[in-house]
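First chain A sits with chain B, and in the next complex the same chain sits with chain C.
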Partner chain A sequence: MVDVAFGPEQGKRPDLSNTREAYLDMVRRKRMYGGILLVLFIALMSSGWMLADDRNAGGFWGGLHQVFDFPSEVLSEAWEKRANLPGIFIDHIPALIETINIAAVATLIGGVAAMALSLLATRGLARWPRLVPVFRRTLDALRAIPEIVIALVLIYILGGGPVPAVIAIALHTGGALGKLFSEVAENADPKPVEGLASVGATWSQRMWLGVIPQVAPNWLSYALLRFEINVRASAILGFVGEGGIGHDLKLAMQWGQGRYDQVVAIFLLLFLTIVLIDQMSDRYRHRLTKGKPA
Partner chain B sequence: MLQVKSVTRMFGQKAAVDRASFAVEGPQFLGIIGRSGAGKSTFLRMMNRLTDATSGEILVEGRNVLALKGADARAWQSQCAMIFQQFNLVPRMDVASNVLHGILNRRSTVQTLFNLWPRADILKALDILDRLGIAEQAPKRAEALSGGQQQRVAIARALMQDPKIILADEPIASLDPMNAQIVMDTLKRINVEDKRMVIANLHTLDTARRYCDRVIGMRDGRIVFDGTPDQLSTGVARDIYGADATFNEAATSTAIPADTTADRTYADLMMS
Partner chain C sequence: MMTTATPSLAQTVTARFAARQRMAFAIPAAIIAYLLYAAISFDVAGLAQRARFDNAAILLSDFWQHKTHVSRDNRSGTVTIAIEGEGKGTYPPGMMPDWVTMADGVTTIDLGTGHIVTYDDAGARMVVPGYGTIDIRPENGRPVVTAPEPIPDWISVSENRVGVTTDAGRFTYTRSKVETFKYQPGWELWFFTLDSPFYGKSVFELAALATVGERVDPARSNIGYMASEFWTNKMWRHGDVAWAIFETILMAFLGTMAAAIVALPLSFLAARNFMPLGMFRGAVRRVFDFIRGVDGLIWTIILSRAFGPGPMTGAIAIALTDTGSFGKTFSEALENIDEKQVEGIRSTGANAVLRARFGVIPQVMPILLAQVLYYLESNTRSATVIGAIVGGGIGLLLTQAIQTQKDWEEVAYYITLIVLMVMAMDSLSGWLRRKLIKGE
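Now for the complex of A and B:
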């Protein structure tokens, strides 16, 4: 009788010398590929450095020691006027709130769009399986264009202000979150969905009752992470004229010497806000995915 | 009532189900036995329309359910309950909601998506859970229940559908002997008391012998036996499970204890 656990008896087992050779071959091949990759990496790094050195107007190495001149100038002026900082903080709170508002609304709109698009783009769950590549490419396209590019285009159409910023961030968020959502949904257990299908549930019932309860904690967690990223993006969009705290920062920096205390105050405000949001979302995200702390 | 005519399902060049034909009259308890990969699951999934057939007809009261499309197919699914080996409940939802899912097809989308079930539906779901002896589990999440309890929730969902036919795909293959017996006894009582047809894929001969009115044996997609449990001789079993030397009867029996006939079973107690 054939021994299922240990295979054929000793004399009848297949010759192992071939296997041994094949395995050693594989080890050699893997090492060779590793070596080639290392050489490629070093070549790319060194060529990059050389290119940077050539392109720089004043010479890369020559200019390197000046990198810290500007920050030290800004910081020393801010230190002299440190008594003004609390007042400046308060002045800029409305702009900060606008920036956070832009990020929140954009995350919400982008997140809702991502929910629908991601399910349509997930193999095994899609409403129209043949259109999966179409929705995947749509997500790619949305993700590929940075917020700032969309915003610059929208400024020409809609003018400055928070609305183009919201649209720009929401479009990028839809693509970025859609991709992450879709990956989570792909790993969802198909059994509950099949159970719902067996009672004659429609696609929307299967998704809402079978998939969403499984993926909701992870989706929310990703959305919170994205909110944090979007606060930064929204601040940057202020630089191109979309309002919020980024706009204030740009004005202060353009003014130059004499307003460096404002620059530092705004930087601090932004930094502290982002740290705060990061801390809060970190804690909440942990609770969502791992459950409440014991 | 049920006529299966030459139903075939091809996966590539291989026929998972090969020209299966049989007919059932009245609320029988029908067992389908065979080895893994014999086509039992594929056949049940075609009946419930989870898998499309390549050819053939399944006539239920004269209507070919394999030809139904879209909303008609879903309406058929709502009358043809299915019980799975892995229960296939929504793990993060409460037990009563999982039972209510049985009538998803008969309530509006808004009602179902936002959990706005009519009071009468909720009471019916609780009644069914009570009948199966698990009413106190109603508010718990399905994932918090044991395997045997989850399978009874799945049966409750099937009863909520008020189905013409209950399909059970290896309903006890993931359960311990005690729970296996409870689940099989429950299915048998539903079959007898409610006069609903039950078609169950079973792994083991002794379960089929004990519960079924009629047994169909499948091998390599074809029906090789169709008869009463009494006719399931060792020779017939060899036909179904393959004639290789490793076959023995013990390998096809699980441990549903056979000596409980005199006592009232656990499921009897729960359902009385």
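Now for the complex of A and C:
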């Protein structure tokens, strides 16, 4: 915690003739504040956990020794049927591709929307400076609505399929990336923009030729990070709504015993995909922001 | 030297320019091709047929208005008036909205703008201004319609059912019952249900009752009675909803804080400057990677099997997932610290724990706090989704309300609350960040 926050107030400055006393006094006060905060935090945490434990269907201590029951049951059944696994992998590849496609399309659409919105919401670059707060609030609102809300409502209107998930994730992505993009654009060098303005370039030309080349590496890096997040979100939306590998996982889970080989196969597919995308985007982002290794 | 270099330089420049130009076309072309492929594989063309825009219309109108059912059982002749057709919204006998009148077995419903529906023993009639009267009488148990010809398409007549849809309301007649739906703006019964003594009172009346009025229930004060009537509103269940919101925030708070507490000591083991043993460091890092890779969804499923549905399961799931993320970012922060301060502490003879406490923690605290607060905010959103999976919090209420496809104004209410909750957490974490990190 930052210590200056608890420094002496104006008018109550310590007596400089007795620095040692004043210093010890400040240390004591700081310790007291720290202690109070700590006690408060511990009280909040413990009462919170107790409350959550109370409202849970199963208790913590009762459930703790069961944590490994389900995974071991699943794994042992899958181990017996390990010969099936490659076949199941192949069966679920289309669903996996759908999940990744949902994330990719949503990231693309959301990213493009975020590009436009972020420039409109950046002070100093905006097309209509008076509307900057409007676009900022729009971004906030897009970020605030959780994907699941939009997805469930859209499933009701559009029927099943991947499109509701794409729209839901794209809207959220637009809001989340828009904020990050606008922070990057704020720090862009204004000189190229001024140069372009002096030769009579239009707003879109100034942005496309003056701002985008500067911010592209950072924007791309954020978009990749978002793609990573969106793959996870798309799997979760599949589990709650429909479409993709999440839905397959839900069906296999609901079937329960007898299909645990499928559960394991889908877990593995999902895990490997996430780790792979994680690693790839990590490496590529590193190259984008720190420059190519010579 | 220069004369030999110039042509090659010009060549390379033109070649690079040409390559750039090709890329400038190739990348958008690739993106468009990919989107086309996605559109085909997602069956966007078929979406137009599957999409049900009538559902969208219902949803949009239901979001901000409520409907009241006035229905008559044709066998017994009893008329019931119920908001949203629900038992808990049914008007008790003797009480009815002012647009319904009942006298001598004749029920008159004024739908507004001249639309009037009448039920009596002989059948039912609906007057539509600018069109005429639609008269329905049962003959041999079948409804027989008399209406000005030609019959427009907003009246549907089949053998056993007659339906009329107008802007003012809907009307259906079947053998067993006749029903009229009147749409009115607003979320009806939001404050008090029909059985409450405070129902239908204006703001001023309520204010007067709360301050100077006589006690409705002699055992308690009016304002306390009002609060409890509001809190236990059967239609909107404000008390339960508030609990659900609290549960969601609780999940996010407990999960994030627990993850930070667990990840902090572990991240020392994964930082190069604190853990010289490469093998061990790598192992801790792989653990973090594994936890992150398994993903919150899978942890949530595994944990809800062990602990059952509820907020604690959600909190543990968030804690587990974030331990992986925090472990990674914290250890990166630890690797970037300034060694000089640690040196200084070491020179006073401090041991490793004291060096960490006074040399390292003060340096990384702002980064750590910023991370934790950012995750707290984003976990409020995740907790909504996790709640829908583990069965706790506002996420569960929302999915239930959507799946029953009945009360869309409840859905609108929950969505509004979720957005407000997320925005509140957003500004809270921003405020805390400014307060704790920048010391403003």
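What we mean here is this: the second predicted complex is superposed on the first by the 250 of 294 C-alpha atoms of A that agree within 3 Å, B and C clash if a C-alpha of one lies under 4 Å from a C-alpha of the other, contacts with A are read in each partner's own complex, and residues count from 1 in each chain.
The working rule: a contact is a pair of C-beta atoms (placed from the backbone, for glycine too) under 8 Å apart; a residue touches a chain by one contact, two chains touch by 3 or more.
In this text, all values refer to a predicted model and were calculated from it rather than measured experimentally.
On the superposed chain A, the two partners chain B and chain C both fit, without a clash. Of the two partner chains placed by the overlay, only chain B lies in contact with A:213; chain C stays clear of it. In the superposition on chain A, contact is made by A:194 with chain B only, not with chain C. Legend: residue contacts after superposition of the two complexes on their common chain; A:52 is shown touching chain C, with no touch to chain B. More residues of chain A are touched by C (comparison of chain B with chain C). Of the two partner chains, chain C is the only one that A:140 touches; chain B does not reach it. Applying the stated contact rule after C-alpha superposition, one finds that A:204 touches chain B and leaves chain C untouched. Overlay on chain A (Cα): least separation between chain B and chain C is 5 Å. The contact surfaces that chain B and chain C form on chain A in the two complexes overlap at residues 1. Against chain A, in their complex, chain C makes its touches with residues 31, 34-35, 38, 41-44, 47, 50-53, 55-56, 59, 247, 250-251, 253-254, 257-258, 289, 292-298, 301-303, 305-313, 315, 365-366, 381, 384-385, 388-389, 391-392, 395, 398-399, 402, 405, 411, 415, 418-419, 422-423, 426, 435-439.
Chain B makes touch with chain A in their complex at residues 48, 50, 73-78, 81-82, 84, 86-93, 101-105, 109, 112-113, 154, 157, 161, 245-246. Here chain A touches chain C in the complex through residues 1-2, 4-5, 41, 44-45, 48-49, 51-53, 55-60, 63-64, 66-67, 69-71, 98, 101, 104-105, 108, 140-141, 143-149, 152-153, 156-163, 166, 232, 235-236, 239-240, 246, 249, 253, 267, 270-271, 274-275, 278, going by the rule given at the top. Of all the residues in chain A, the ones that touch chain B in their complex are 1, 189, 191-192, 194-202, 204-205, 208-210, 213-214.
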